[in-house]
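See the structures that follow.
Both complexes below contain subunit A, partnered by subunit B and then by subunit C.
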Partner chain A sequence: MNVQPILQVTNLHVSYDQIEVLRGVSLSVDHGSIVTLIGANGAGKSTLLRCISGILRPKMGSITFAGAEIGERPAHLIARSGLAHVPEGRRLFAKLTVDENLRMGAFRRNDRRGIDNDREHLLEVFPRLRERFRQVSGTLSGGEQQMVAMARALMSRPRMLLLDEPSMGLSPIMVDFVFETIRKINGEGMTILLVEQNASLALQIATNAYVIENGAISLEGSGVHLMDDPRVREAYLG
Partner chain B sequence: MTATNALPERPQRRVRGRVSFTTVISWMLRITIVVTLLASAVSSVLKDRYSIDQWFDLVAFGITIGSVYALIALGYTMVYGVLRLINFAHGEIVMAGSFAGFFVAASLDSTGALNRYPILGFAAMLAIALLVSGGIAVLTERFAYRPFRHAPRLAPLICAIGVSFLLQQSFRGFFGTGLRSYPDPDWLMPPVSIFGFDVPAVQVLVVSSAIVVMVGLYLIVHKTRMGTAMRAVSEDVDVATLMGINVDRVVTFTFALGGAVGGIAGVFYGLVFKQVHFFMGFTPGIKAFGAAVLGGIGNVPGAMIGGIFLGICESVAPALLLDGFGIPAPHQMRDLVAFSLLIAVLIFRPYGIFGERLARRRG
Partner chain C sequence: MTTAVTTLPVLHPARSLARMDMTLALRAGSVAGIVAVYAAAVGILKVFGQREVIVDHLTLGHVFLFSLAGACGAYVWTRSKASIRLRVINVVIAGIASGFFLVALIALMANVNLRWMFTALSSDLLRSLIYDRGAVGGSVLFLGAGALGAICGALLIGLPQTPRRCLVWGLSAVLIAGVFQELIQIALRFGWPITSLRTFLYVWRGLTLQGAMIAFATAFCVCWALDLGRRHLRRRRGPADIDVAIPRLRSQLASAVLLLCILVVFPLVAGSYIGQVMMLVSLFVLMGMGLNIEVGLAGLLDLGFVAFFAVGAYTMALLTADSEFALAHYTSLPSLTFWMALPLAVLAATGIGILFGLPVLGVRGDYLAVATLGLGEIVRVLVISDAAKPVLGGAQGILQVPKPTIGGIELVDPMHLFYLTLVFVLVAALIAWRLEGSRLGRAWTAIRDDEDVAQALGINLVQCKLLAYGLGAAFAGLAGAIFAAMLTSVYPHSFSLLVSINVLALLIVGGLGSLPGVIVGALLLIGLPEVLREFNEYRFLFYGVLLIVVMQWRPEGLWPSPQRKREVRTPRLG
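Presenting the complex of A and B:
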């Protein structure tokens, strides 16, 4: 087994213009685990994920992924090294069809056979997408869009998945489906860093969890442990 | 919260029921324009100055020049789509293609090869023009635009105008200020009969090749991986990067494609007007930019339709609209008509013919 964590963030500082948004965040994610990050609006969760995937540059600190420092690496190369990021609000290519979105997910790959197999597999995980395959993705429902966003990220055959609020704006049934899928993907061996507002569900499936407040980690522990923590109960599970 | 790179904010549609002073003024302006245009068109047709043959000639010429504008407009629209940059040097890139085609044609012509091998000769002109223009476009992006990629929008715009002058003055320096006339090979002489009307062979050649180029371009943009990546980058740069797409490479590809199509358009323009000149890129450049705006800038089919629409209008409108007023020598006013029409259409549809549909789909 790999002893080292697959992702290690150390003392990360990030600011927009002059305002410091992350003030020394450290966190680590083990191979095959689900790590949940919860925190209030504006705490800096999305900022952290954007920094890990390289579309934002840290001011200070280090990020290592699969044993290599990626803090200075261009974002497209981070993606190619196996880190897939499903951004907040899905951000599909709205004018592209579902099929084309999935193709873009597999952009860096050249193994035609493997791509076809993975697409077939994902259409089994998300059967709704088969019916919508040639539809322009901007016209899909929110839940369907979330499925495309996750499928698109998985099409790159990543080693790790960053999910930013995948349940945002979805109906309760859809929320359950999304969490069920996350668990299933994880069961197939995928490492996941999950940012969520739905703290109770997110903590339930978490191996490990962190609470972020005002750009700094205030609590960490196993998912079960944090669910019982009085401060978490009061602030996030209310 | 998310840093999307959507088009610049469009003003909200005015709430129905609240009519402001400016709304009234702009509607009065619109109605005046329509009434004037209709009146002059009717009076021009009633005067019966032009024969049906002449009308056909005007339309055929309009389609020809329009398909050249369409090709040029594609370069503007694709670059805008990907970078939100108006490449004001694009007219000069077209001019460079025209020169390249001219030099190939002239050297082939001097040995008589241009007449003996029409297809090879034509293909050679297009191939060299395409390489030269595509190359200049790629270099322009690399050295003039890329350093300004993250600067405020005004910086690359000013730089684009600078590049435009640079190219003009370099061609002037190398090749002088005189007009040079394009060779006129025999195979462009005999008119072709279409629906019983005689059409010059150049026009048939230009329109049919332009159609081939446009279909090819459409297939590249919609059916290839790189073309799909172009559309992805034009929707959301950050997310495209998250897919592992190297945005710099996509931008280079876009400039190469737009420049190459512009170079081909330059050869066509030279064949139609039979001359090259260092300043020749300016007018078709501005008009094609207008055509791209007309089609909704960033919209590939829109640029094609906008170009052809503009070409037909500027060819037909002087006879149809100005003769009715009894204006002498209306055909000298072609450029004036083209630009007035552009302004008039934009008063009706400020975001271009397809602009609104695009906006609605986005929202």
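Presenting the complex of A and C:
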């Protein structure tokens, strides 16, 4: 275990205009772990991720990634330092093909051979994408789009992946598949911060988990531990 | 999920279907008829009527009315769901209905003087359209022609693809040979075999009936032969590649080269007036390619584009002109030549482009259009203002800008200037083409589609957007500099909002994001109205109609880029 976490968020405050969305959130993600963040709609999950990846600016607090403060860094530089964000709702380049989307993912890279190797590897992780390789991504199913979104993020060879609601709007089979893949990617050493509404599945694969309520962390612990917590059971597992 | 199957409470479906089709026919016919009456009232029909397609037989006015009826016939034929017999009847009804409106107009004109309001509604107009057959004969003619036109339209749309395409080619050939007869006759003026061809097809006033038949037959046969050849090839190659994602690069390249050859040779044979027109077209092509970088590639709508054109033109004027406003006149700067000033003009435009980009960096979508509109107007107002008059010459502009020289020879002939511009266009096209496929081009595509995701992929928004504005402006600056040298003067009124709108319109008509599309758009929107001078009065009416038609039937543009075609034509699922 590495002593220092790869991502450390401390006392983060974010507000849209006058409304405070995050009120002093702190969390840390260790190297090679899966950390999940669960919470209800509007609790501030996506806001946190958008803030970490630099699309939103924090009002107060600090975010360190791999030992460097990134709270004030512009989004493209955060991405270049190895933090890949898979946004909510996939947000593919709908008019480009699967292949073109993947190549967009490798935008910052120049090593053609490395890119080709990575793409080949990702097509093994997501065999479905090989069949859809030249298809326009807007015409794929939701699950396939999620795979493209994750593969696109991985094409940048990130050090850490931020996944925002990967199971949203997918069929149960697809949800299982997506979680299976997340576990597989993590097994290859990728650190993952996962934001989910599907609490039971998310907690199952999590090394560590946080519950966010009204813009603040209300519970934290290991995934298994939280699954047994009566408050979590009542509010999120039903 | 369960779907509720409901049947419409209709007692006689067949009869109601027939009634529905009748309504459709009457509606289509009325639309065509109203368009015809409108065209007559505003004077378009009059102008069209003066343009002879076939001498003494057919004017553009006839063609216009006949195609209106044809269009409504074709529409009714494709939309109607009744039996063949009913469909034919409906087509005829639609045609007669379209003719009826003009008959009503004749009747109205015979009894009421409408000229106080619509000056174009003269009796000459109608007389010329009905070949001097009185009111009754004319009415019958109109109704009959309407029905005939509708039937022809329906037949044309109902034919299999090959004969239809051949017919369209043939008819277009007659139309082009007739409408552009002056140009073609000038082009056919040299040499014995060509001259005799000319006397065979044309009299001095225009196309003869026999010429029209020959033009029709030639185009028809050529189209048929091409079609046969294409089929033969396809049979040898096996089934066509259905993968739309792979652009057919080779055939695209071939068409681009062909287009280029036409651009080079055409003014040479068609005379110096065409040279001038082509000069203007190529300036707009330059601007179009610039705006294409901003709008087509990076998705940054810009309605103030003319400002960059103005900056290029004024820089050229200030640096080279032999006038009191030239910088050389009141500073120690030397008076530059065209070639020395050109890069500076481009540079100045680029600088202004980047400067423009700065305040609108965070503005997206519709707001961007409004913001850039404002910026463009600021430049125009500044140029025309009294404050800037001592420097920029105010409304009188700057005169005596020298023409460019090559090796001591001044390029005075518009044809020479055209070829010079063409060289610039080629260089610019090469740059634009390379940019499109470059890393920067891909970054622009990403920004256009999704700014947040683009950022998340490590794309520097600020840098890429400013580069788009700067490079787009550079093209416009180049066009402006040449424009100043071409006119040998610059006036503020050349840089109105309409220029920006023209450039944007030609992009949309040609196909956003497509380089050949820029050329097609410029030829159609800038070149055509110059050649058909008498239509100039209705220029913007045609623009509007053309834009609506293109948006309705070919939203991806006339010559779209493969990617754009995919965007517009693929349904979005999931």
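Details
Just so it is clear, the second predicted complex is superposed on the first by the 237 of 238 C-alpha atoms of A that agree within 3 Å, B and C clash if a C-alpha of one lies under 4 Å from a C-alpha of the other, contacts with A are read in each partner's own complex, and residues count from 1 in each chain.
One rule holds in what follows: a residue touches a chain if its C-beta (ideal position, glycine included) is under 8 Å from a C-beta of that chain, and two chains touch if they have at least 3 such contacts.
What you see is a predicted model, and the numbers here were worked out from it, not measured in a lab.
In the three-chain model built by superposing on subunit A, subunit B clashes with subunit C. Of the two partner chains placed around the shared chain by superposition, subunit B and subunit C are both touched by A:79.
In the superposition on chain A, contact is made by A:105 with both subunit B and subunit C. Within the superposed three-chain model, A:140 lies in touch with subunit C and out of touch with subunit B [touch as defined at top].
In the overlay built on the shared chain, the residue A:94 is in contact with subunit B and with subunit C.
By the document's definition of touching, both partners, subunit B and subunit C, reach A:156. Of the two partner chains placed around the shared chain by superposition, neither subunit B nor subunit C is touched by A:125. Look at A:46: by the touch rule set out above, it reaches subunit B but stays clear of subunit C. Superposing the two complexes on chain A places one of the subunit C stretches 62-70, 116-124, 134-142 or 242-250 into subunit B: stretch 62-70.
On subunit A, the patch touched by subunit B and the patch touched by subunit C overlap at residues 53-55, 74-77, 79-80, 84-85, 87, 91, 93-96, 103-105, 107-108, 136, 138, 152, 156. Listing the residues of subunit A that touch subunit B in their complex gives 46, 53-55, 74-77, 79-80, 84-85, 87-89, 91, 93-96, 100, 103-105, 107-108, 136, 138, 152, 156.
Residue ranges on subunit C touching subunit A, taken from their complex, read 243, 245-246, 439, 442-443, 445-446, 449-450, 452-453, 455-461, 563, 566-567, 570-574. Those residues of subunit B whose C-beta lies close enough to touch subunit A in the complex are 1-2, 4, 225, 228-229, 231-232, 235-236, 238-247, 361-362. Partner subunit C is touched in their complex by these residues of subunit A: 53-55, 74-77, 79-80, 84-85, 87, 91, 93-97, 103-105, 107-108, 134-136, 138-142, 145, 152-153, 156.
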